[in-house]
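Chain lettering (A, B and C) follows the sequence in which the chains are written, and residue indices restart at 1 in each chain.
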Amino acid sequence: MASSPPSEDAPGEQHGEDPAPAAERARNALLTIPRGIAQVEFQPNVWTGLIFLIALFVGGWQFGAFALLGVGTATATAYLLGVDRNRVSLGLEGFNGTLIGVALVLYLGTDWSTVPLVVGGAVAGSVLTAALNSVLTPYKLPTFTAPFCVVALVMAIGAPSYARVWAGHNNSAPPSATDPGTAMTWTDFWHGFFNGIGQVFFQDKWYVGLIFLIGLAVSSRLVAAAAAASSLIGLLTGWWLGAQAADLGAGLYGYNAVLTGIALTGTFVVLSPAGVAYAVVGAATAAGLTAGLTNLFNVVGGHTLTWPFVLVTWVFLAAVPIFSRIRRAA
Amino acid sequence: MASSPPSEDAPGEQHGEDPAPAAERARNALLTIPRGIAQVEFQPNVWTGLIFLIALFVGGWQFGAFALLGVGTATATAYLLGVDRNRVSLGLEGFNGTLIGVALVLYLGTDWSTVPLVVGGAVAGSVLTAALNSVLTPYKLPTFTAPFCVVALVMAIGAPSYARVWAGHNNSAPPSATDPGTAMTWTDFWHGFFNGIGQVFFQDKWYVGLIFLIGLAVSSRLVAAAAAASSLIGLLTGWWLGAQAADLGAGLYGYNAVLTGIALTGTFVVLSPAGVAYAVVGAATAAGLTAGLTNLFNVVGGHTLTWPFVLVTWVFLAAVPIFSRIRRAA
Amino acid sequence: MASSPPSEDAPGEQHGEDPAPAAERARNALLTIPRGIAQVEFQPNVWTGLIFLIALFVGGWQFGAFALLGVGTATATAYLLGVDRNRVSLGLEGFNGTLIGVALVLYLGTDWSTVPLVVGGAVAGSVLTAALNSVLTPYKLPTFTAPFCVVALVMAIGAPSYARVWAGHNNSAPPSATDPGTAMTWTDFWHGFFNGIGQVFFQDKWYVGLIFLIGLAVSSRLVAAAAAASSLIGLLTGWWLGAQAADLGAGLYGYNAVLTGIALTGTFVVLSPAGVAYAVVGAATAAGLTAGLTNLFNVVGGHTLTWPFVLVTWVFLAAVPIFSRIRRAA
């Protein structure tokens, strides 16, 4: 999602001219896949993407496999429709497809019938990415994971109407449904810290969250520090407000804070004392907003996804030009 | 809705100068009525509008009568508020009023108390059309039937709070509520094909759908072919996903595909192989989205209207500038 | 909210230069507080703000105290983040905070735990005000009370998930829940007239509404007349449609009409016969929309807030450039 110029391992090729030999082009095409996975957290880094992919396979083979299906379909769709090559190379056309794959296999079950739905969802996500870019570019806002949120939400809401789709669906009740109570244990706390990072990809095992954190650190120490601090801010915000301990332990109050914190700390906002304070308020707002949106979406089956991150970060970035103390990163 | 230049039978008069004799002005004013009905499906054609009106009266006298009330009120409001004459002449200010009239008489009953509600709704629809045009013009997007969708949805949601309004309301449960099951019969199939065209105007008799198809063919063979193909795509998409057979037979998965297919085949997108593939994906997406939006709106009484068409077509048109393979029609 | 130039008692100071002595600067800073309260109804008038504050304290000490907390926090946040000084001085950064304070103490109870929520809500409201201004300025639309509506709605929806927040919450069922029926008495009528004005600030005692009306008259006779006429229009619209008498008597169909009527009568639309007709239609539309939005929000606990006013007035102002008979005020 970062708009940084293509680095060494990203092809700088232009539309219309394509002098690179076939082997290099194939290599570059292949590298857009891990970059597409890493761009879920704004990193155009191949190694980060590969570590994220390992984390997904550790979480369950189906998460890794459907993530690959999603990122591949979305990237190929964008390529075929003629999206700017640089965007495709940087992985900016793949990250929504990655999340669509992981979310649909989680909600609808590990089943062959989920395959065409992920393909269709990833195609729709690519068209929606292009449409949102048309609308948001005048405001200098990226799409973030909004295309994924829209596609996954609509498919999750519509799924019960379709016999073929709904056959293998999973229960999506939060952990607190079977384990209510607001008293947070030490286990809830440290699991919640790592799960806050893993839940960006819907993973709820602490060691999977740890692998994601390592993947971020490979790309940037600052980003990993921002992710860890934001997970803690989300956890503490939820705890102070009196959220359910089991949900805190599963990282449900952390992952939106993590994405918001990374986005507002150096990525899209210039790093400064005022900027960091702004990011802290943003991360806490995203965590607080989580319950509101969860209750709202519960009406239709409950899928909060990364909506709190998307909405809070759009608002915080759109506000920057009005605030003389905060500046957008180039 | 088409932005084509005024044809022969549309007055080319400018603001401020009005040299046409009174008889011709009256004739032109009268012709805006059938054009307003035909513009529901993007055709500024008087004969198409008259055939559509016949179809509505065949469906039930109240549909024809309230469509006339709606299109007349909306057109008169736009004229009185000073909307550009060309838009008014082409029927672009009438089609949302047409649908408001048909929808409200269907939901709230054939009753004198529905008359002022249609008038009020059509006035609100005209103001909303102007507001949306202000907002959407920078993105080169038409309003489509969004003003109708907003007005009819809000009135349908609010109606139960108003004793006078709610007195004569009709049951709006889908056919599958009394006839569940996913096994589609041959009758479901061919009824569904024609009803998919008739449901654009809320009509659920196959021969009414056939009259609408004839009306489209009078304006353009291509448009009629696109409508027929799209109704089939919608039907097959819903069937493949496992939708309720009675709803498929009533055309509930077809009408949004029909409108989307017409809009993306030559009307707003240049006709080309890639453009037709784009239209097919769009029509299937609109059909798939139907269940999602129906479940969402069921929470407040269930009125899907033409929201799937409006949202999908906005997204597919807004995305065009990003895709080098697809081009907007002039 | 009015964009009139700073009057005598508003400091005309520019960024970077600050020649006024400390005493005057303190006095100016202090006067932004009552102006922030008065701006809820578009008046940058200190006396109006003080009378509104008295009305709130007459309604209940907690409404006055939390309004002060909200307006102070919002204004200080805007100042610290570097919002344009003129906007801050005119009270344009305070009015959403005012309403956030009043709404949260009403919904969540008079409790110490409500204090940090009002502070957090007012900070979020200030950021959202800046973001909406970035987005709406190209369309020449003000934010109105949208930031308050979003923050209060999200907090009200999320509150039940948070044990600490939900502990002291109040019942928010409408009066008709315990007193159903559509037969309006004379008491319902004249109470409804004054309460329609008081409900802008969530007050449901007729004499509090009267004090607010006096506050408006101090700023402008025209504005007070528009408010009174609009309250009547809202009441009659609800009554004619057959709304519950107890809700009409509590002013629930009046307050959105009042705000819409003031906004469209001379404030943002040039005063003219067509303009007044436009304002009457707008006020009636806002009242009619109230039931629709109330039923929509009932799904998540029911908080209509000033959404009908915000949406209707945005639509009616965005439509103005299309209508040659209506003109925007400078």
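Basically, contacts are C-beta pairs under 8 Å (C-beta built on N, C-alpha and C of every residue); 3 or more make two chains touch, one makes a residue touch a chain.
Per UniProt, the chains are A, B, C = Urea transporter.
This structure is a prediction, so every number in the text was calculated from the model and none was measured.
Enquirer: Roughly how far apart in rotation are chain A and chain B when fitted on CA atoms, stated in degrees to the nearest 5?
Expert: The two chains, chain A and chain B, differ by a rotation of 120 degrees.
Enquirer: Is it true that over half of the residue numbers where chain B touches chain C are used by both copies, so same, or is it different?
Expert: The interface of chain B with chain C is built from mostly unshared positions.
Enquirer: Distance from the CA centroid of chain B to that of chain C, rounded to the nearest Å?
Expert: Chain centres of chain B and chain C, defined by C-alpha means, are spaced 37 Å apart.
Enquirer: Two or more other chains touching the same residue: where does that happen in chain C?
Expert: Counting only residues that touch two or more other chains, chain C contributes 138, 299.
Enquirer: Which residues of chain B touch chain C once you look at their complex with the stated criterion?
Expert: 15, 80-84, 120, 123-124, 127-135, 138, 153-155, 157-166, 299-300
Enquirer: Where on chain B does chain A make contact in their complex?
Expert: These residues of chain B touch chain A: 138-139, 182, 240-244, 281, 284-285, 288-296, 299, 314-319, 321-326.
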